[in-house]
Amino acid sequence: MALLVEKTTSGREYKVKDMSQADFGRLEIELAEVEMPGLMSCRTEFGPTQPFKGARITGSLHMTIQTAVLIETLTALGAEVRWCSCNIFSTQDHAAAAIARDSAAVFAWKGETLQEYWWCTERALDWGPDGGPDLIVDDGGDATLLIHEGVKAEEEYEKTGKVPDPSSTDNAEFQIVLTIIRDGLKTDPKKYNRMKERLVGVSEETTTGVKRLYQMQASGTLLFPAINVNDSVTKSKFDNLYGCRHSLPDGLMRATDVMIAGKVAVVCGYGDVGKGCAAALKQAGARVIVTEIDPICALQALMEGLQVLTLEDVVSEADIFVTTTGNKDIIMVDHMKKMKNNAIVCNIGHFDNEIDMQGLETYPGVKRITIKPQTDRWVFPETNSGIIVLAEGRLMNLGCATGHPSFVMSCSFTNQVIAQLELWKEKSTGKYKKEVYVLPKHLDEKVAALHLGKLGAKLTKLSKDQADYISVPIEGPYKPPHYRY
Amino acid sequence: MALLVEKTTSGREYKVKDMSQADFGRLEIELAEVEMPGLMSCRTEFGPTQPFKGARITGSLHMTIQTAVLIETLTALGAEVRWCSCNIFSTQDHAAAAIARDSAAVFAWKGETLQEYWWCTERALDWGPDGGPDLIVDDGGDATLLIHEGVKAEEEYEKTGKVPDPSSTDNAEFQIVLTIIRDGLKTDPKKYNRMKERLVGVSEETTTGVKRLYQMQASGTLLFPAINVNDSVTKSKFDNLYGCRHSLPDGLMRATDVMIAGKVAVVCGYGDVGKGCAAALKQAGARVIVTEIDPICALQALMEGLQVLTLEDVVSEADIFVTTTGNKDIIMVDHMKKMKNNAIVCNIGHFDNEIDMQGLETYPGVKRITIKPQTDRWVFPETNSGIIVLAEGRLMNLGCATGHPSFVMSCSFTNQVIAQLELWKEKSTGKYKKEVYVLPKHLDEKVAALHLGKLGAKLTKLSKDQADYISVPIEGPYKPPHYRY
Amino acid sequence: MALLVEKTTSGREYKVKDMSQADFGRLEIELAEVEMPGLMSCRTEFGPTQPFKGARITGSLHMTIQTAVLIETLTALGAEVRWCSCNIFSTQDHAAAAIARDSAAVFAWKGETLQEYWWCTERALDWGPDGGPDLIVDDGGDATLLIHEGVKAEEEYEKTGKVPDPSSTDNAEFQIVLTIIRDGLKTDPKKYNRMKERLVGVSEETTTGVKRLYQMQASGTLLFPAINVNDSVTKSKFDNLYGCRHSLPDGLMRATDVMIAGKVAVVCGYGDVGKGCAAALKQAGARVIVTEIDPICALQALMEGLQVLTLEDVVSEADIFVTTTGNKDIIMVDHMKKMKNNAIVCNIGHFDNEIDMQGLETYPGVKRITIKPQTDRWVFPETNSGIIVLAEGRLMNLGCATGHPSFVMSCSFTNQVIAQLELWKEKSTGKYKKEVYVLPKHLDEKVAALHLGKLGAKLTKLSKDQADYISVPIEGPYKPPHYRY
Amino acid sequence: MALLVEKTTSGREYKVKDMSQADFGRLEIELAEVEMPGLMSCRTEFGPTQPFKGARITGSLHMTIQTAVLIETLTALGAEVRWCSCNIFSTQDHAAAAIARDSAAVFAWKGETLQEYWWCTERALDWGPDGGPDLIVDDGGDATLLIHEGVKAEEEYEKTGKVPDPSSTDNAEFQIVLTIIRDGLKTDPKKYNRMKERLVGVSEETTTGVKRLYQMQASGTLLFPAINVNDSVTKSKFDNLYGCRHSLPDGLMRATDVMIAGKVAVVCGYGDVGKGCAAALKQAGARVIVTEIDPICALQALMEGLQVLTLEDVVSEADIFVTTTGNKDIIMVDHMKKMKNNAIVCNIGHFDNEIDMQGLETYPGVKRITIKPQTDRWVFPETNSGIIVLAEGRLMNLGCATGHPSFVMSCSFTNQVIAQLELWKEKSTGKYKKEVYVLPKHLDEKVAALHLGKLGAKLTKLSKDQADYISVPIEGPYKPPHYRY
């Protein structure tokens, strides 16, 4: 795909797979709106006052139908938006087309190369000569990373004249990042610094990105305020848990049509994502075995009737392997060699290094047979036995299915909108330093409340007397900050 | 699509959507083989003796990947095969292509018109001038129906010279059947009688087809022996139950991406199919309400914590409606008008008359918006509110997803192979009269046994003493015929 | 306990543990009545016409609160009743007291010796000089057995003058039966023959008793008609399944207070009882392993995510062992020796020979420590490690808890009442031969229907058109006889 | 029961129901030890160094078998112990007897009056003339309350000579507290001050007690350091959740034998306790409806398929009502009047004011029929319809069953031991101020780790590389403090 920016008749930039899918995307966006009451309530509540008037928002987050409703909520509140995906396989091309045609600048398609991926990210951040975005919606932290690395390189370049050396790393993806920055330095050695100057803050969607932010906060290198959306209760305890409970089997079924009942499934990691996956697999009739490093999570798994073993104990007996750890090197090529013929290996946790894709790809004599896009059978020469890897080791629910369903994403994305509003409202008050913040509990509770009506729920109201008895305001927040839900 | 039969280089007839998908079909067939241990065991056990040598088998059964493995098991045992689908939406085109190219005459594609559907059925039954098939694998009974109606018409024609009058019925589909027979009569007034003469028997896959067979047996009009595969325990208690538990959510997710958790779902009917659907929806986090006519099934639903109400009680509150009754007129257009906006209506039980599609299609002012194939939004003029109908009211797991998964279909289809073997072996012994039979329990147990190894199970063996104590043979069968499992 | 019959002031015979518990029993009977809508409906429907007027009914069935409601339904319909329990541990003494005081002749207490047990059975059958009961309600077939053995002995005695020789068997319990018969012969050599003459029929409650009846039918030795209540759908698919799902954990908790979550539980047998037990244990958070001889049931277990192994595979790893097979010699003392310290061993299936109690009791050096009645720790001398055996190997839900709950027993017992009514109504029509019958489906459906209102359910009604379409009467029965539910 | 302290032959004080039950208690304690690996590990690890040498510990916590193992762990580590229960119905008399005979001073029996209850509390705190305990293990905060109220009264008395006036409150229980303090003031006006001086700290078991502590901390009135054991993950996410999931159905079944399947159950509150209760009821086959004030918890309930309504919506339809809120005035007498006949009302959350027992008891014309201890039927005069109240509105799992099972209490109590050790070790370092603390995460993880082996689990170990990648130590702790599990 030639990397040329295109323009709509109204002059908005984009690069998507197929603009003719815009109508189909629009139909599905309209369906999703009915399932996303939190976002639609934001439009009703905030739309009239146009709080984002004048704000430029860049998003790096899976360009799906649900994200389309998020983007159009941001624009409905007055923002200008540029968007890219945060995963090479997660874009839904019809969603990208509809948004590109109707609402925002989009640079995203399903099946980007890594090279293309970072080109898209750069496009989304590039608002022209007078700097970058005012706000970033980030997922996994790649947009944030690019700015931080860019600024670091520009400072080094200013001080020493040295440019980044892609060969200094053997991480193929990071080589690309350094190349982009190096190439940019030549034409504009202040670009990322101008971005940094303008930026009001970022709101980050996931565990992985949040972890990076806390590391930067700890090392004092964070360049702008960040709101940790991931750790809103209505995000991490909903999207991670209930989202994966829905989308793991969805991805498995679309990719392989395999019967889950009767199978032995190994879930690596029993955090929120792992809990959702294990629940889904158990309910579908699999026998689930969990691997864990954390004794507390391990004990939770046991209390649900799940066996807790190491991967080595079960590698040759299980039928389905799912990684959810957010760590690297979980399933190595040596594990894969020992698996049963047609064992399914997939990742719903984190980057593609959770599964040793590099080890697999470079295994001597290994044969890759693509059943269909995102579903590959890898055959080992010694045994002539194969395993099935989904989404090339990347997030399988996005690569093989359509990601989390609208309703649960409405919870997550309503947090995003509220976080963005908060950053923008306080842009000049100094309320937010170059640190990582979580949303206050009353906003978290508000997000939940916006989603109850759609499901027909009726809340009980505290009496004054009862509220006093447990020392909470009648209208909440109802729980102490450490409450675990 | 022009209805012209094509031929492979080897001269085998076919009509499929796209022969270029054959390679893809082959890859998926190979995956499915690993999941279908019962069929593969049949190949190992019976292949060497070629028991079907000389047998012509016609199948009318969803032309999916799983069916492809069934077909190639039949051919591996020596049969010649012609095939059509038993549902206009259920064909997987890559499966059809692979089989047409490699193994059998196939007449099937996804999205046939009713006209095309019956043309395919006729093609599958037509083995040339010297009669039809020796054996039929039927699903829903359409192939059986065509022969019975054909014979009836030929007899009437011989006696009275009268040909069938399509305008004598207002069932649009039956008009087509009568037309085909009428037109055939002119060129060959003995065609169906020759088929009848040659036919050794039929094995029938589903409740609906079986019901028709028992009605014909009761009225004395059944023309050949029939084996009721549906009521093998390893069919009805597995495919109907566990198959639907898998494929209902699969179809819902592929068609609509709707989050099931939190929704109110109505399952009409709590037989095996309804039990599987209700279990799947409950496990995915829906609140499930069952409608039932049978007090025993209703009490079973209650014991599982499901509410039992009438459709009228809940029609305006529920989000998802699934029909599983095998009856007609379950969800009428008057119900649909009262539903919430974007309520999902689908059928996994039976023909498309389970949902009042005709009432919907002819409703004054109704608007149909096709989101994507098999997913239509129908908007009522009074409310401007829409409902989403899947697979045009036909079986949604086949129309919107890929049907039941391979493993459970291996159980069903191993019963089919055994039934076909039995009919063929006894073709001249008179063992089977023009009646409906079920397979003996030891064969049912054998089918199950063939599927245990794949799942790592180990059976316990009775001692002689224990077998005597409970009065069963050591090797089974272990249960009396009336045992309900 | 001295075996002397006592009499109420009204002259009715009884032998119970403690008459002062009658008030407590009455209170619990009144609670149970609210939970037993089927029986209460029988009182309303049939009470006015007193259909059992003149009928003597003997029952041999666990003398619990629920049975008390059954007994008082029989008396409310006009019957005279004598009762014993069918298990030495299952009597609830307050229930026995209330019935003895208010309604029927009762011979039952918790913790009978085997000697006492058979004395009670004989008392319940003894209606004085002019023969035995008109009808028997049997559970496990002991009352039926005693009459059959008695008649056999009387015939032998008449022919040859020989009396039964208790030493001819090494089954301790059967020795007692023979002794009773032998001793009776001397005083009244025609007693059991007179019973046989009078008897109209028996209705049998459980699998075990039904199996005996079918064996007698097969061998032509059945002396009177029998109705197999066990195989009513509303019995075997409710009481066996949902009853055990309730009462297994109840028994475990009352006997041992053990936390079920996290434990490894082995369920031997996956019939209806095993299915209920496995479901209960899984839901409580145990990891459940099933042992099975029948491949179909084994495959069902696998589809629910349960592992299927042999007892030998898991005997040293599991924490809880439950037998549900209805066979003998399932858990032998050699298994028990290999178990973990404080592994729990219990039986909810059948007689106490399902667990090798004799092997355990006679194991050299074994030590029995009674924690509390029905909860014994048995310590092996080699390991000084103990296992915990519940209810001395007999039905643990009756020995350690209170048996099945009222609601599900109302289903079973409504079948009993209907069966008794049917036998009595047809006593002189010859409708029932000396064979085993099941109740017709419309009565089965009626039993279910009587239980729906209590749970707030509303049934859907078929239209005439729909009923015709599926060829059933509008009012049912709705299913063919072979339907498995 | 006359309130006289008794003494063992060794001179230790006690007051229990029946010392002859000590042997039975000992047997059950020995069984429990096998189920409490965390406590037994503490004995192994710390026993040899006798860290509690010289420490006096007073406990106010349900005097059950599990608590007996806790007490004997404290004494095994060198402590002297005095104990009372924190609930008038929760004592298991055989546990109390065994401990009183063998290990510690116990003042507790099942069925104390409120007067007796506070007498027991005072006895447990009274270590003789030279002050009170060094450490307190508290549950619900009553021991802590008594000291705080005592100190307050003594200060007031010293300043003004005024003694507490029991008639100043209309809370009957608090009147008793004030009376005790008033009466004590006369003989020893410095008693509670001396206690305060000596006290090193308290570790508190439950939400209710913790809430009181935080209130005292906030108002600056907390007199000594407190460790909040309740909010250890291995406490609140285990005992509250999995403990109640076990003991709620246990209590229901022992008290009422009611069949849970098919019933409509209302769970008021969906915190950890409510989640456990709802899961148990749902799994047992009830249809569960949740009431909530907190929109986040409400949304969690919905995601699990539970309906969320207000109590008013369902009061006349439900069969079982459970309060888990930790608040007061949840089910009022006006609600109870509208309930179905024999609806079951019980509390597993908090004090007996969660249910309006006072309103019920004083309702004009209401009749109380005690079925058995802790199970009362209350009949309203207007309707002659009754409801069944368990445990007189107090914690039903302790009043009607035996509380949480040993294994989960081992988690909670290991936290207690560790908290007590920590307080005692730091008694003179000033590490703990007069504030409320939670245990550090590595200790929380250690508690979990001590419980894995018993359940056969194997943990995965991080590599150095992986640990660095996610920035945690190889040996943990693995999660940030805000992690919710």
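Just so it is clear, A, B, C and D label the chains in written order, and each chain counts residues from 1 on its own.
In the analysis below, a residue touches a chain if its C-beta (ideal position, glycine included) is under 8 Å from a C-beta of that chain, and two chains touch if they have at least 3 such contacts.
Chain-to-protein mapping (UniProt): A, B, C, D = Adenosylhomocysteinase.
Just so it is clear, the structure is predicted and the values come from calculations on it, not from any experiment.
Common neighbours of subunit C and subunit D, listed by label, are A, B. Should one ask which of B-C and A-C has more C-beta pairs in contact, the pair is B-C. Chain centres were defined as the mean of their Cα atoms; on that basis the chain farthest from subunit A turns out to be C.
In whole angstrom, the spacing between the mean C-alpha positions of subunit B and subunit C is 42.
The geometric centre of subunit A is 58 Å away from that of subunit C, both derived from CA atoms. Contact of a single residue of subunit D with at least two other chains is seen at positions 242, 261-262, 285, 299, 302-303, 307, 455-456.
Contact residues of subunit A toward subunit B in the complex are 24, 27-28, 31-32, 34-35, 65, 242, 245-246, 249-250, 253-254, 256-264, 280, 283-285, 317, 341-342, 369, 371-372, 377, 388, 401-402, 404-408, 455-456. The touching residues of subunit C, when paired with subunit B in their complex, are 211, 214-215, 231, 233-234, 236-238, 242, 272, 291-303, 307-311, 313, 326-329, 411, 438, 444-446, 448-449, 451-452, 455-463, 465-466, 469-471, 476, 478-482, 484-485. Remark: subunit C residues 261-262, 282, 285-288, 299, 302-307 touch subunit A in the complex.
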